[in-house]
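One chain, chain A, links the two complexes that follow: it is found with chain B in the first and with chain C in the second.
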Partner chain A sequence: MSGHFMFDGRPVPFEAGQTILEAARAAGHYIPHLCWHPDFPPHGSCKLCMVKVGGRHVSSCALEAKEGMEVESNTPEMNGERRALLQMLFVEGNHFCPSCEKSGNCQLQAQAYELEMTSARFDHFFPVRPVDASHPDILLDFNRCIFCELCVRASRDVDGKSVFALTNRGIHKHLVVNAESGQLGDTDFSADDLAANICPVGVILHKRVGFEVPIGERTYDEVPISVVSMRDKGSKP
Partner chain B sequence: MPHIAQAAESVITKHGRDATRLLQILIDLQQALGYLPPAGISAVAAGLDLPRARVEGVAGFYSFLHLEPVGEYRILFSDNITDRMLGSLELRDALCRKLWVEQGKLSEDGLISIDVTSCTGMCDQGPAMLVNGLPITRVDHQRINEIAELVRTRVPLSAWPRAFFHVDDNIRRRDALLGQSFVSGSAIEAAIRLGRDQWIDEMRASRLRGRGGAGFTTCVKWEACRDAPGSDKVVVCNADEGEPGTFKDRVLLTRCADRVFEGMVLAAWATGANRGFMYLRGEYAYLRPALEAELARMRAAGLLGRTILGEAGFDFDIEIHLGAGAYVCGEESALIESLEGKRGTPRIRPPFPVTHGYLGRPTVVNNVETLTKTTLIALGGGAAFAATGTAQSTGTKLLSVSGDCAFPGIYEYPFGVRIDRVLEDCGAGDAHMVQVGGASGVTIAGYEFSRSIAFEDVPSAGAFMVFDSSRDPFDVAHNFVDFFTHESCGFCTPCRIGTSLLKGYMDKLARGYGAKKDLADIEWINRLLRNTSHCGLGSTAPNPVVDTLAKFRPAYERRLRTLDFEPAFDLDAALAAARRITGRDDPAAHLDSGDKQHTEGER
Partner chain C sequence: MSQLDKKPRLRVATTSLAGCFGCHMSFLDIDEHLFELARLVEFDRSPLTDIKECGPCDIGLIEGGVCNAENVHVLRAFRANCKTLVAVGACAINGGLPAQRNHLELEACLREVYEHREGMDAPGVPNDPELPLLLDKVHPIHEIVRVDYFIPGCPPSGETIWKFLSDLIAGRTPRLSHELLRFD
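So, the complex of A and B:
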């Protein structure tokens, strides 16, 4: 089955099984997202991809498109809610962009620019989160984790190593690595793993290359994420 | 550490080295070791051939599993608002003082740890606590003194006075279900006589709707499961009963376990399922021996197992899985994840469990009360069932009544009963507010007491908490927000962070530092939670705040210090640690000496 649905008032075709986000994307319409990645099944946790269908909020990365759906996405209401979700993510962790080596390549930061987030609005949680420098090639700075679980999924489903998992729950949820010591250095993690190269923010960092590309010349410094994402459709989230 | 490896190996063997039983394995291992030490986690991972991080992640999810040592005696005070109204916090503090231990910390000798836990389902006989998982009801100062002495003298739990552990059923009003005697096996026999198709027809005619909260039509769910492709279908009884203020499933499991299980067999007859699970909340683990005995009795009577009541091809059996302190596992897809030995994170839906449930198989999940009601339909027919209640809500409903009333307990009424009728029956002379349906339900103010309990008016999963005019609606909402914050699974952004933000604002108001802007922020967060949450926990979490703000706004405005902005950061409070270190609490050690008296004890 294939058909059409209306996306912000414009008809968009879809193939059977395609989600709203995938179909919109294929037709050249960008929907902001963080936990979705073209190479993985939908995760549905960040909720940035929320759209309204027939007045109801749904995750566009997870819901299959259906004939005749009326989807609202790029509206002040949806963008306002997305901005608020970003603000939540910013106050939950410790995101000091000017001193972060991911700055300019970070999707969270890029989304904040995209959605014109000018302040954090809410009070910062300032959680105490550790840094793990035990691995020879990789540094983990958990202060910036947004729990998209891309590293978890990549390590489990592609690298076949299950180096990462989540533990605890609620606001205390956090990542652990696959070692009794709790240290990345004691796992079989390697810098070539997909999991080492998929983090959308600045948690999983390669050592000794931090500022090879100067800030100001990085991916999202020059071009907004909505453009990068659509330009490199096959490969970039 | 060979004993750790040995204990792990024996538990894993007992569970057939089955990784879907990971949660059950961790519960049993903790029972053996007191807590789950790192070597225990590693041993379980190795024994099940699972990544260690995954085992650690599951263990970390559940409140009743401990990765750090806990006391030989582990006391958890039930922290529902109804327990608090009966003085639970004061009792907790008294016990902490007597045993020289701080809440949430392990005593130096490793003897005792004291903490709070979400509602334990004993609201009609609170304040309640769990001691090493066993409920103690009606705690008062005398009981606290006795408990302190028993702990201090290291009396084993088995030698504690039996009366401590007595749980009353408190059935106050009986109707169709509780008023009828039941002959075990009679409902199954009746349904077999009808045949599978006609049995479904009777279910359709009954228009029975789910009693677990969402009110989905049971027959539609059963038919969808029956028609779903795939064999090995599954029936799950949801006995997680985590909604604060709800305890009717506890009483059904105590009083008529035979009917609950028989309801599961009836669901299996309708859907063709051959495997059944009861997911029993950890707080009700004390019911397990009696439930297992009932299952054994039913097997012996040919009501479970192969060829049920001689019907060729009717094979169905039930196993009990324990939860371990996670309200979200009552949500059906999180429950299924938990049954599979995973973290209780709600799945993306669709697909729904009726087509893709336990291990991807078509699965029916029904509430304890829903399943029990099906025995009435098998015995009396669908039409008779539909003749009571209201047009959209047929049959009766069990209410768990607690709070400010003379006769807390279980009340069975036909749907459509008015709230003022319930208040009169339970002896709530000075009712001011009622929380119907638990923390995620509806807050009802006095002017609405003529409304009725039904899906088309005030829906309810069963809780009915009464508050008199001495109670502050803000405190009630505040307690519920704490509950949701504690119970959020943390999967999705809005609920994980939004509940914590909401708690921050409520705490700020409670401290008397609220500003008008905070109310606007609260309303904005409420909206985000409702609209964007991944599951019902997050989307209903703001309900008590939304309702009390709308119906009891002065309770909030009274707490506003200014009408504009007031920082959440309390500079004076931040100096508390410095004061503690220097042993000072004189006025000069405080920043503002204006309208507030600061003493460390208060914060």
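So, the complex of A and C:
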């Protein structure tokens, strides 16, 4: 079964079982997102992809498209909500972009540019979570984690290693390494693992390659994430 | 005299709190626009003038976060005097790299530098009342006073600062488009 729904006033076709986000992307319409990845089931934690359907805010990564739905996405209201969500993520962590190796290649930062966020507005939490430099090839800075669980999912479902997990509740939730010592160096984690290469922000960093790409040539230097993300809409988030 | 010269000029004050003066250098990077600016505005207190206290102003540009007691006093004086207060650069906006000391204990920091360092002739944390005491954490300026606008960047480019100022001076709502918006 297939049909059409209205996306910001334009008809978008869908196949049965496709989510709003998938169908919109297939039709060339970008919806901002952080925790969604085309190779994994929806996660629903970042809430950036939310759209308005029938007066309600829903996660477009998780909701199946239905015939005749009227979806609002690129509106001042929805973009304002998305900006507020980004501001929350920024104050929850220590996002000091000027010294972060991921700057220019970071999806969180690129979303903030996309949605014209000029400040994080809320009071900062300044979390204190020690970095883990125990692994020979990988460095972990837990203070930048946005809890998308892409590393958790990649390590468990693809690499078959279950190196990462989220632990604790509420604002105390944080990323941990599944080892007796809690140290990445004591796991069988490898720099070639999918989990080592999927972090959308600056938590999982490869050692000795930081600041290798000149400013101006980084992923999101030239064009916004909405353009980069749609260049290869099948496989790239 | 051109028409422009007869218009009352806006007053602009600038200061650096827990800043590195990089945002002021970037401001000077507007190069020849400085001549244009000099016809449109008059400078009040600023590291670039000799004025000691901030008087009534239209625009206040603040660089740097808030790291000590004097920063708080200066910031409050700017807020009281400036109609429009602008946070310039990463430090003023989120504390910036200096806020990386927020996960350290302040006393341990001071002792590390002034007491435990090798080769010091007279070790001891400076304690003259002339010196402003450090706050236990570095804060973005919006946690101390209300802020009207934010210009991100470390530092914001001269182009970004000029776009913002020329918008503001001309009475337009300043807007930084994608290519001018950078956090690094």
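Methods note: the second predicted complex is superposed on the first by the 237 of 237 C-alpha atoms of A that agree within 3 Å, B and C clash if a C-alpha of one lies under 4 Å from a C-alpha of the other, contacts with A are read in each partner's own complex, and residues count from 1 in each chain.
Everything that follows uses one rule, which is that a residue touches a chain if its C-beta (ideal position, glycine included) is under 8 Å from a C-beta of that chain, and two chains touch if they have at least 3 such contacts.
Given the structure is predicted, the values throughout are model-derived calculations rather than measurements.
Participant: Which partner does A:95 contact after superposing on A: first (chain B), second (chain C), both, neither?
Facilitator: second
Participant: So in the superposed three-chain picture, is A:207 touching just chain B, just chain C, both, or none of them (first/second/both/neither)?
Facilitator: Neither partner.
Participant: So in the superposed three-chain picture, is A:123 touching just chain B, just chain C, both, or none of them (first/second/both/neither)?
Facilitator: So A:123 meets both chain B and chain C here.
Participant: Between chain B and chain C, whom does A:10 touch in the aligned arrangement: first, second, both, or neither?
Facilitator: The answer is neither, since A:10 touches no partner chain.
Participant: Between chain B (first) and chain C (second), which does A:66 come into contact with in this model arrangement: first, second, both, or neither?
Facilitator: In the superposition, A:66 touches no partner, neither chain B nor chain C.
Participant: State whether A:112 touches chain B only (first), chain C only (second), both chains, or neither.
Facilitator: In the superposed model, A:112 contacts chain C only, not chain B.
Participant: Which residues of chain A are in contact with chain B in one complex and with chain C in the other?
Facilitator: After superposing on chain A, chain A residues 91, 121, 123 contact both chain B and chain C.
Participant: Can you name the residues of chain A that touch chain B in the complex?
Facilitator: 42, 44-48, 50, 57, 59, 62-64, 81, 84-85, 88-89, 91-92, 121-123, 125, 146-147, 156, 161-173, 176-180
Participant: Considering the complex alone, what residue numbers of chain A touch chain C?
Facilitator: Residue list for chain A touching chain C: 90-91, 94-100, 103-104, 109, 112-114, 116, 118-121, 123-124, 126, 128, 215, 224.
Participant: Could you pull out which chain B residues touch chain A in their complex?
Facilitator: 38-39, 41-42, 51-54, 56-57, 59-61, 326, 343, 348, 350, 485-494, 496-501, 504, 521, 524, 528, 531-534, 568-569
Participant: Where on chain C does chain A make contact in their complex?
Facilitator: Within the complex, chain C touches chain A at residues 87, 90, 93-97, 99-100, 102-103, 137, 139-140, 142-143, 147, 149-152, 154, 175-178, 181-184.
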